[in-house]
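Order of writing sets the labels: A, B, C, D, E and F. Residues in every chain begin at 1.
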Amino acid sequence: MRPSGRQPEQPRDVRLTRHFTRHAEGSVLVEFGDTRVICTASVENKVPPFLRGEGQGWITAEYGMLPRSTGSRMGREAARGKQGGRTVEIQRLIGRSLRAAVDLEALGEHTITIDCDVIQADGGTRTAAITGGCVALVDALNFLVREGRLEKSPLKQMVAALSVGVYQGIPVVDLDYPEDSAAETDMNVIMTDQGGFIEIQGTAEGAPFVQEELDNMLVLAKQGIEQLFEIQKAALAE
Amino acid sequence: MRPSGRQPEQPRDVRLTRHFTRHAEGSVLVEFGDTRVICTASVENKVPPFLRGEGQGWITAEYGMLPRSTGSRMGREAARGKQGGRTVEIQRLIGRSLRAAVDLEALGEHTITIDCDVIQADGGTRTAAITGGCVALVDALNFLVREGRLEKSPLKQMVAALSVGVYQGIPVVDLDYPEDSAAETDMNVIMTDQGGFIEIQGTAEGAPFVQEELDNMLVLAKQGIEQLFEIQKAALAE
Amino acid sequence: MRPSGRQPEQPRDVRLTRHFTRHAEGSVLVEFGDTRVICTASVENKVPPFLRGEGQGWITAEYGMLPRSTGSRMGREAARGKQGGRTVEIQRLIGRSLRAAVDLEALGEHTITIDCDVIQADGGTRTAAITGGCVALVDALNFLVREGRLEKSPLKQMVAALSVGVYQGIPVVDLDYPEDSAAETDMNVIMTDQGGFIEIQGTAEGAPFVQEELDNMLVLAKQGIEQLFEIQKAALAE
Amino acid sequence: MRPSGRQPEQPRDVRLTRHFTRHAEGSVLVEFGDTRVICTASVENKVPPFLRGEGQGWITAEYGMLPRSTGSRMGREAARGKQGGRTVEIQRLIGRSLRAAVDLEALGEHTITIDCDVIQADGGTRTAAITGGCVALVDALNFLVREGRLEKSPLKQMVAALSVGVYQGIPVVDLDYPEDSAAETDMNVIMTDQGGFIEIQGTAEGAPFVQEELDNMLVLAKQGIEQLFEIQKAALAE
Amino acid sequence: MRPSGRQPEQPRDVRLTRHFTRHAEGSVLVEFGDTRVICTASVENKVPPFLRGEGQGWITAEYGMLPRSTGSRMGREAARGKQGGRTVEIQRLIGRSLRAAVDLEALGEHTITIDCDVIQADGGTRTAAITGGCVALVDALNFLVREGRLEKSPLKQMVAALSVGVYQGIPVVDLDYPEDSAAETDMNVIMTDQGGFIEIQGTAEGAPFVQEELDNMLVLAKQGIEQLFEIQKAALAE
Amino acid sequence: MRPSGRQPEQPRDVRLTRHFTRHAEGSVLVEFGDTRVICTASVENKVPPFLRGEGQGWITAEYGMLPRSTGSRMGREAARGKQGGRTVEIQRLIGRSLRAAVDLEALGEHTITIDCDVIQADGGTRTAAITGGCVALVDALNFLVREGRLEKSPLKQMVAALSVGVYQGIPVVDLDYPEDSAAETDMNVIMTDQGGFIEIQGTAEGAPFVQEELDNMLVLAKQGIEQLFEIQKAALAE
């Protein structure tokens, strides 16, 4: 029995609120249950030094948590003077995942930065950030078309992410914080809406996991992520 | 004529949403028009080193802006490795102002940290942060009473803040961004609900200002702040 | 009764020693009683990135305290790897104040940096730094004229600063350290020699202050600052 | 055809040189072909703050590359003042993987730090570091037994790691640098000698990958890692 | 012919002004010609972590230059966030040199920090700092005796320092900036008043130097340092 | 009697292994007994900002120790976020010493960085680094000739370094760690193969040293360094 009463294959309620703030070219509040993340996409007319003159664009991501997004207050990374290891690991994952959504050559010499700021955490912030960040990214790409800076959107495919895990011996999707902190295995699955995997990160927190558990988790992940693509589509249709 | 069409003495619509996030002892979304700031109050059972053994508590504040809370994206302070000068200046002002609301000896050996994170900026983020932060602080003090850790709330008085300025030669209250960037003089006034000043910071951005302008601005500020105390009171009564 | 035996309206002895060190284009030792600050003005033929191509100049300031300028040794900021919040707040105030003295367009593409280094502290270091820094700035502007790099000095007006406060219920000027640490209210007033205010920063350290106290403090400040302009004028006439 | 002429299922020559340096409790030079990493295991009689009084031990890892371990010189992280994102990501992976090898409660209040310093890089530094680091860890655990500080080694299982990928459409193991930089998919697999997975990290560098490719890669990984366990066993038997 | 017209064996005028600032236990302005350094000695009732419980004291030094102590403005180290390599090298030399003056066991568990801040530089700041710092140190040791915290001064010997070099083929003492920047060889010699060497640092800036040049430089250094001990003695007798 | 049983004038076995790693233009493992340092020389087609347009090249050095190169683990400088004072002091010495080996104008606009990374420390790491680094430097210069980027090698002279000290009253060469930590005096001598001194750094760790001891140490140093030049020559002849 899951603490939330959900079925093993049942993700939390997912909500995507576009145009959540007004300055960014894309701005989405994504909620996976009580996990709430503001994802903004910002367009700049330049590329990082390693891409200068290559005639292609870049997608990158930054991640942060408000100090009191969590049960006890975390020190502010800006005040401590550095981003923690977990932050760095997550923002690199978000960046890699969202780059897979876009044809970087067709993007031309633009950089789009996806900022994912967690205002309330209850597990699954990185999968929420990728799922919401992709919608913000689509809005930013459409902005470039609307402004006449690109002829058509360089979007190749939608990307969404969901966690799966083994909780009390049973594979479950979209772990919330009480499950996440007790799970034996925790896996983040990032997929495209054409059914391919972008990234799989599975970690045995307690006992190692075996092939059969992996297979079961992947089946659950695929089912759940299909629902996320429907929710993304509905949000973008509004 | 103000860009927003407001009267000189008319503040923007101010909204205070308590319990905006669920983990903090106090959590308030404060909106001054399009300026939106999340203020959380976090209680810890300890005091900073310089107060150890003094038998009193401490109130402090930290301030941040999401990278895309503004018209063009600002670099993330956590990634740059340090807080900027403006950030430091503002968070020190918020901390000083809110300390004036509380009897620190009656607070006992607790520290309350007020985190003010701007999710959308349109001028006046520091005055919004003080006004909303004070409500979050009250909630955190009441939490301490409810939990039996204090017998009664050490709140001495409410504190609120408003900007006033001289815009196109006319004193106006609660400047939004278009006014703020063009104002000749900009003043932040922080007051108690008993009519005293906590802090006055007036800066001539262009020409110096004279005593009469100062007097006129202070009259406007007092009127506007009285309205803020009403709004705080209504929010706390809910 | 003030600890120093001074009258309420009596500032400390103020001394300005020009050409205190030999390398800088302007170099002034300013003393407000036992507070001693070295102010140097350094000219560079360039402007910060945000002003490039704007055809105007810039005035900025940096502030520091020698580790043992105070009663107990403070950690050296260079060794700790960052400037403290108070330092940042003060140097921003000095920079804003001294920019008001100069016609930045007439200055052309030059940057003048005012370094204010406290070698002995006894209260009022920021007002001393502004008052002495303005004289160093004038010397640097005259250097530019003497060198033929400017046709005439872009000085618009002199700027000076004085603290006022409420000490044991009585408004007093130019607080020294024993007064400063016990004052109920502390206000820094920065004015031009044409009688306008550049900046007012008043802070209630204990009880809030009221309009009448504010008015009384401003009267004292204006009187005292007039004396500072005389002292600046005499120093520059030497 | 692989650039090195290897068969798809053929790892590079793997060599483990124990006692490579003399000060550390465990010191192993691990070579996966031209990739060479020094792994040392250092024992300390203390635990990190978050474990104090918990009666258990801790295993952690740090990773670095000598500036000229790579084709062009990388800036030294110590000189730049921070560890890069890739470094942080890798050392967290090594730490998680090696913690799975040890019964942390049986370890008692000791911390073992595994330092993995790459002296020559040719792809697969993180899998080499885990495979070699586990041998250094075993030596450090045996040191604790030999010194009488533990009654028996708290080793639960051996851990080893290998990369697999899809190179020119074909799944291959243990990618060297020329393969790694051209691979469509890159996966790091960390397993125990009892056949369980500790961590799987698969990333689509180009096109997404599908279930069948994943399955094929995992078959190859398991075969290859079995050989690593033989090589670890042989090294520890010397 | 030296640019200053001095004889090869003639140091600059050296002045030592004790009690230069009022807060420090020792405070000396040292001038070697136009080189001016404020040296303060600060006493603390504690020792660094590596000496805790050892029953001995510690002497350490920090060095800094005001940004405009030099011909062109140097960036402020506190603003840049780190001390430069030259600064670190110099402050370690000053610390080592002055530790040689004191019986650290007799000092007991006190730390004395010598802060050397250059307000005007014209070559030889490190030798000036050591020579003046030793006088500040003596004053701080005498303070401990006067306060009854030590029975007698733990001073073992006076320490002073002078530079020597080969300028246009001729050995000279106490190089000023024009000589220093053109010298072929530059050597700093630190001695005790009992004739021993504490430290010798000789560097060939251009051509290597030979034994005979070394011998000649050391003869000059010894003569010059003897004069410094006289000047120290006279200053301490005041 | 020396702990190692060596004669006073007997250096440790010195080994130089060229081509130790494969990516760098010069790569040498240098061993002075149990002290082992990897020295790589990396060529870049650019010069630091202060040399731009001067038509000359630059030689610089960086130094680091693997965390467990020593008896107890040292914190990793990259993780602590700054290089320690000792590191900075040593790498500046290595850079100055090796610059003396090269005609910087003949080098043209190239920078060669010598990275010296200690993998095992037993005293004398800086002298080993200079001696081995010079061989790596020669290989890098020859690479520039072989590649046709320079017509002939700009090497002026070989440079080598050895420590000497006074151990139990007797001058000895090439101190190992047990001697180094107990020596009364410690001196590093850097010479050219034409018999000149590049740098002499002598430090009294306990009692001051006198001219006669200095002379005796220098005699020993010269003898020992002559042997180092033979070993360098033999290594380069292979």
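What we mean here is this: a contact is a pair of C-beta atoms (placed from the backbone, for glycine too) under 8 Å apart; a residue touches a chain by one contact, two chains touch by 3 or more.
For clarity, every value in this text was computed on a predicted model and none was experimentally measured.
Chemist: Which chains, if any, touch chain D and chain F both?
Modeler: none
Chemist: Centre to centre, by mean C-alpha position, how many angstrom separate chain D and chain E?
Modeler: 50
Chemist: For chain A versus chain D, what separation do you get between their C-alpha means, in angstrom?
Modeler: Result: the chain centres lie 28 Å from each other.
Chemist: For chain E, what residues touch not just one other chain but two or more?
Modeler: Residues 81-82 of chain E each touch two or more of the other chains.
Chemist: If each chain is a node and each touching pair an edge, is that a line, ring, star, complete or other?
Modeler: Per interface graph, the chains form a ring.
Chemist: Name the chains in ring order, counting from chain A in the direction that reaches chain B next.
Modeler: A, B, C, E, F, D
Chemist: Where on chain C is chain E touching in the complex?
Modeler: Those in contact with chain E are residues 21-24, 27, 34, 36, 38, 40, 42, 44, 62, 64, 66-73, 76-79, 81-83, 87, 113, 115, 117, 119-121.
Chemist: Would you pull the chain A residues touching chain D in the complex into a rising list?
Modeler: 82, 85-86, 88-89, 91-92, 96, 100, 187, 191-192, 194-204, 207-211, 214, 218
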